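Single-structure report; data block below.
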Amino acid sequence: MTRTDGRTPEQLRAWSITPNYLKHPAGSVLISCGNTRVICAATLEDKVPQWMKNQKVSGGWITSEYGMLPSATGERVKREASAGKQSGRTVEIQRLIGRSLRMACDLELLGERTCLIDCDVIDADGGTRCASISGGATALAIACRKNNIPAFKELVAAVSVGVVNGVPMLDLCFEEDSAAEVDMNVVMTSSGKLIEVQGTAEDKPFSRATLNELLDLAEHGLKQIFDMQRTILEQF
Amino acid sequence: MTRTDGRTPEQLRAWSITPNYLKHPAGSVLISCGNTRVICAATLEDKVPQWMKNQKVSGGWITSEYGMLPSATGERVKREASAGKQSGRTVEIQRLIGRSLRMACDLELLGERTCLIDCDVIDADGGTRCASISGGATALAIACRKNNIPAFKELVAAVSVGVVNGVPMLDLCFEEDSAAEVDMNVVMTSSGKLIEVQGTAEDKPFSRATLNELLDLAEHGLKQIFDMQRTILEQF
Amino acid sequence: MTRTDGRTPEQLRAWSITPNYLKHPAGSVLISCGNTRVICAATLEDKVPQWMKNQKVSGGWITSEYGMLPSATGERVKREASAGKQSGRTVEIQRLIGRSLRMACDLELLGERTCLIDCDVIDADGGTRCASISGGATALAIACRKNNIPAFKELVAAVSVGVVNGVPMLDLCFEEDSAAEVDMNVVMTSSGKLIEVQGTAEDKPFSRATLNELLDLAEHGLKQIFDMQRTILEQF
Amino acid sequence: MTRTDGRTPEQLRAWSITPNYLKHPAGSVLISCGNTRVICAATLEDKVPQWMKNQKVSGGWITSEYGMLPSATGERVKREASAGKQSGRTVEIQRLIGRSLRMACDLELLGERTCLIDCDVIDADGGTRCASISGGATALAIACRKNNIPAFKELVAAVSVGVVNGVPMLDLCFEEDSAAEVDMNVVMTSSGKLIEVQGTAEDKPFSRATLNELLDLAEHGLKQIFDMQRTILEQF
Amino acid sequence: MTRTDGRTPEQLRAWSITPNYLKHPAGSVLISCGNTRVICAATLEDKVPQWMKNQKVSGGWITSEYGMLPSATGERVKREASAGKQSGRTVEIQRLIGRSLRMACDLELLGERTCLIDCDVIDADGGTRCASISGGATALAIACRKNNIPAFKELVAAVSVGVVNGVPMLDLCFEEDSAAEVDMNVVMTSSGKLIEVQGTAEDKPFSRATLNELLDLAEHGLKQIFDMQRTILEQF
Amino acid sequence: MTRTDGRTPEQLRAWSITPNYLKHPAGSVLISCGNTRVICAATLEDKVPQWMKNQKVSGGWITSEYGMLPSATGERVKREASAGKQSGRTVEIQRLIGRSLRMACDLELLGERTCLIDCDVIDADGGTRCASISGGATALAIACRKNNIPAFKELVAAVSVGVVNGVPMLDLCFEEDSAAEVDMNVVMTSSGKLIEVQGTAEDKPFSRATLNELLDLAEHGLKQIFDMQRTILEQF
């Protein structure tokens, strides 16, 4: 069985990472996976959130904000800044990115710093949260290396998997995602441990066996994404 | 090894469901699990969201709103109505509840109706989102039965599992949840299929083996919760 | 003449107060009057509002927040947290509760503390603001006693009265309240002084004579409510 | 005993009403009482609020909005438009004005119209809500007469009374209001019936006897205000 | 060619300035130009904005807020405080007023003070932003003189010009403004230098020659406005 | 005299326009001027704003939204979507872009359509509003040509000019803009007419002679930008 864009079920889309995409932030990349493109920028600030001070938590913090250009999608979406609030989807995604990226660093070694990862989607064709995590981790690693901060522990990447027309598939594009019965995002460390598993029955509940097939596919794809990230980081 | 409240790792807290807790809504319950208490109310409205009309989607819709009394927690939390917005946590939870409960019904058979499930936490001691799903599904089932709506397909319930001090455990209380290395919520149907799996490394990444241990524990606990729900529904 | 629920005009509904209804707050009760049920919780914080510091006002402060579960009424009301603001009615009610409860304490003796009284309506059938004041005062008294704070001066309670079909009546239920020509809330101290009198012509203006009849009815009802509060407080 | 501005306890401040103060609205006045000045404008719109249509209520509607120029007070207050919300005090006041003015008209005879009364305080020295009601009623009457709308029934006016240093007084200025033990606003019809009685213990609870003294003072002052309104209306 | 109100193209409307219009602020005027009336009030505060402290900018600051009574226009406009936000037009105008008035003072000599100029339009018939600047500068000068603050450098005034039916005209009223092809606001110092030139093609683009004609007209009108301001300031 | 980046006062920075930069919108470009980069996207919708319907205005509408990636500037700016509102600067800029681009089209010929131009700044180094207008006009022209809409009349472009250290200069970068005494944005049509002239004294007022020098510089720069736009449009 082949897919709408000719891939086999276990095949990634074309992924690429362009480092130093922006002029100002400490680290930045443009990450593409198929037609999805996300600008990821890591900004370092010499302060920590108020709640850390209040609760006397030592070390630093990593957090993320996610946005989408209004014209990134087939049908233009309302600009959240003019709507006056972020959608529930946006809030959910940026919380996921933040949690995932905190696993990439030793927060104690980050020192009294906050690293804010902005992920802004320029073109959306499915998988924007996974691209944001994979690109954001790369921008974070670059920011740490450029500033000689020894906090970075290991790479983090994410990929989507799902069941479409009964077939488990890797790295869904928007069209596949819209038709998926089960949709799952898997976030891993480069040493092969799970950070986050979010599997959702979109249309019908799924078995433990299906869950395992999807996890296998995700591991297969993530290995290739880690290789790409490593190649980029060699330059820094 | 025993837990802070004397349970074994694979033991649920005391769960109970009180049906018809409120006077007005179509279906309602008070659900308790340990010291956590949530009022779940199902309201039926003879209309569907605007987006369904715009996109000409037939059938009905199920959605959820989640809230917490300011005094439900050890340290009072700011009232979201006076803060002027719902927190990211609230938004994330009510999206999860809505997605999960939609799997309990045949939306086509629901007809041009919206069922809104309000889940309001009175006392919080961990596991409020799982209690909300389990209680919400019961309220939803009651509302359908009382109004002779044939849309209800099967029960849905949720339970939390996690790794605390290296030990996988079922149904974490707040104290355990705060100390957990891995935290997972599992939503299932009464026929044993998965609806949602959300596993998160809070402190350190986890292996596929741990994921499987946690899923086993969750299945064990969910069987008991389904039995409790069935007993309640027999009255209707 | 008898009323829709069989009471005589000068008869209260069934009132009851359940203390210690919540696990966490310093003082809490569930108060019921007829089908109206309100959870009242008193939280103590060791700080005072910013304006007191700015204006160098000594002593403490008592304030209140009021809310209603969306499903507390016959027709579900929109959740204020998701609407993003509190309604004018909510704001007006919580200001009344705060003003009334401040009369129950010697703010100087409260010390540099704020007592915040949360009143959350679970079931609404008329008289929710009066139930909130009467229950809130009880929760406040419990919180002071449990924490050995000598600020509590005397009990405060409130009851509604009104003219329905030309007849002055005590403690209106929702159906009566909707049909009332005159509607009045009376807040008193247990020593028989007035704290707040809010009489409103809903349908036609009223005479001084009617005002006096209504005040007599209110005093009659409030005596019974004070007795109930005193009985509860004896336990603390 | 004389007051800070030399008045006797039962004496009104200097009141005056300037009709047609604004160019555009259907009716408008500038009302002054002592140093308090309020612009009141009545706008007629040929539509009714959505809730009246939904609930199939016939006739028209009268509502009010209240505001204060930031520089109307001794210490500048934050502009509500830039704060992004109206304060609780503002909401409470404009609800009171709207309720009071609805008693001045036969809403059925108003027809399918809304009359919106804007009350904007230019200078504030106590009694702004009473000035708004008294001025708003005059603007409303002018708007009805100029447009031959037979809905206007009778005049409405309001005045403040209070207990200052143990002495009941009429028409408090800001300095007296700040020092008052009891503060009361009385809204009446020109035929001598009560529309709204709002008495509040600011500092200590009060007796029924005091309540009666204050109501006597209010009636005394309101007679003079009704005379002034009638003189203005003769011109229309 | 004569205009709707009988003026020649190079003629101002009737302008007048009433000083000390409000009781409380440091300086205030009511400024009228034709049927447009604006209350301008200058408040002095002994503090500077947070950003000045953060950026260690010395001296003081001048800023402005602009508002319009809902009933100031032919068709009532929604109250911005109840809408919950200021319109884009309001924001744009108050930024212009603030920038213009900062040119009237030596901010260094203002010392660690903020002067906030409130401009509230009572009646609107075109030219409200120019009236606000001209009246605001007068209020600012009065506030400085009354408080012996040596920061005031020179007067600032503004006037509108435009092309209507092909004819360049001075000081447009609302009717002319609505029909204008080109619309321009010119802000000057009393020594004849430009502070702000904002020319906008409303209907069709314009030539450099037209721009120059409009600037000539504006200079002609501004001389008369400066004379009026000077006459007022002689009293202080 | 040479400038910080080696240019002469009358020299533009390097400008370039990349068409079809995004996948989805009807027309899009990436425009660069020096280190400033803006994504401009034109979306066509088959409806007009509600106010056009209410006021029975025929034809179509063109409007614009402007945003800046948080990491586009040297110091990260707060994301407006998470702040919950657009800044005054953003509102002012998007109103300017909208007004300017409406001059590029015959709105009657646009038909019952809205064209929304999104301008999102990726890297900011001064001149972002001028780049947005110049890029937005190009995206608008592409959208019209690709969809055979005959509404496009002529090109529109904008450039900044200013006085820095007493010297009039073309196309200021951020460093120059921050130090400018006078700052001006000039929007023109390709036929050489003015659409908008916004000259502001940032530090000291300026003479008519300086205004004319700046306009000459702007015309000089705009000719080169129009040439670049024309070259791009030849491809469509």
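Residue numbering begins at 1 within each chain, and the chains themselves are lettered A, B, C, D, E and F in the order written.
The definition used in the following text is that contacts are C-beta pairs under 8 Å (C-beta built on N, C-alpha and C of every residue); 3 or more make two chains touch, one makes a residue touch a chain.
Treat the numbers as computed from the prediction; the structure is a model and nothing was measured.
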Practice item. Identify the chains adjacent to both subunit D and subunit F in the sense defined at the top. Key: E
Practice item. Match interface A-B to one of A-F, C-D or D-E, accepting only the pair for which over half of the contact pairs are the same residue numbers. Key: C-D
Review point. How many Å are there between the centre of subunit E and the centre of subunit F, using C-alpha atoms for each centre?
Key: 27
Review point. If you average the CA atoms of subunit B and of subunit F, how many Å lie between those two points?
Key: 51
Study note, to complete from the structure: dist(centroid_CA(subunit A), centroid_CA(subunit D)) in Å evaluates to 59
Review point. Using the touch rule from the top of the page, what residues of subunit A touch 2 or more other chains?
Key: 84-85
Point to revise | Ring of chains, enumerated from subunit A in the sense that reaches subunit B first | key: A, B, C, D, E, F
**Study point:** In the complex, subunit A residues that touch subunit B
**Key:** 85, 88, 91-92, 94-95, 99, 103, 188-189, 191, 193-201, 204-208, 211, 215
**Study point:** In the complex with subunit B, residue positions of subunit C that touch it
**Key:** 22-25, 28, 35, 39, 41, 43, 45, 65, 67, 69-74, 76, 79-86, 90, 116, 118, 120, 122-123, 125
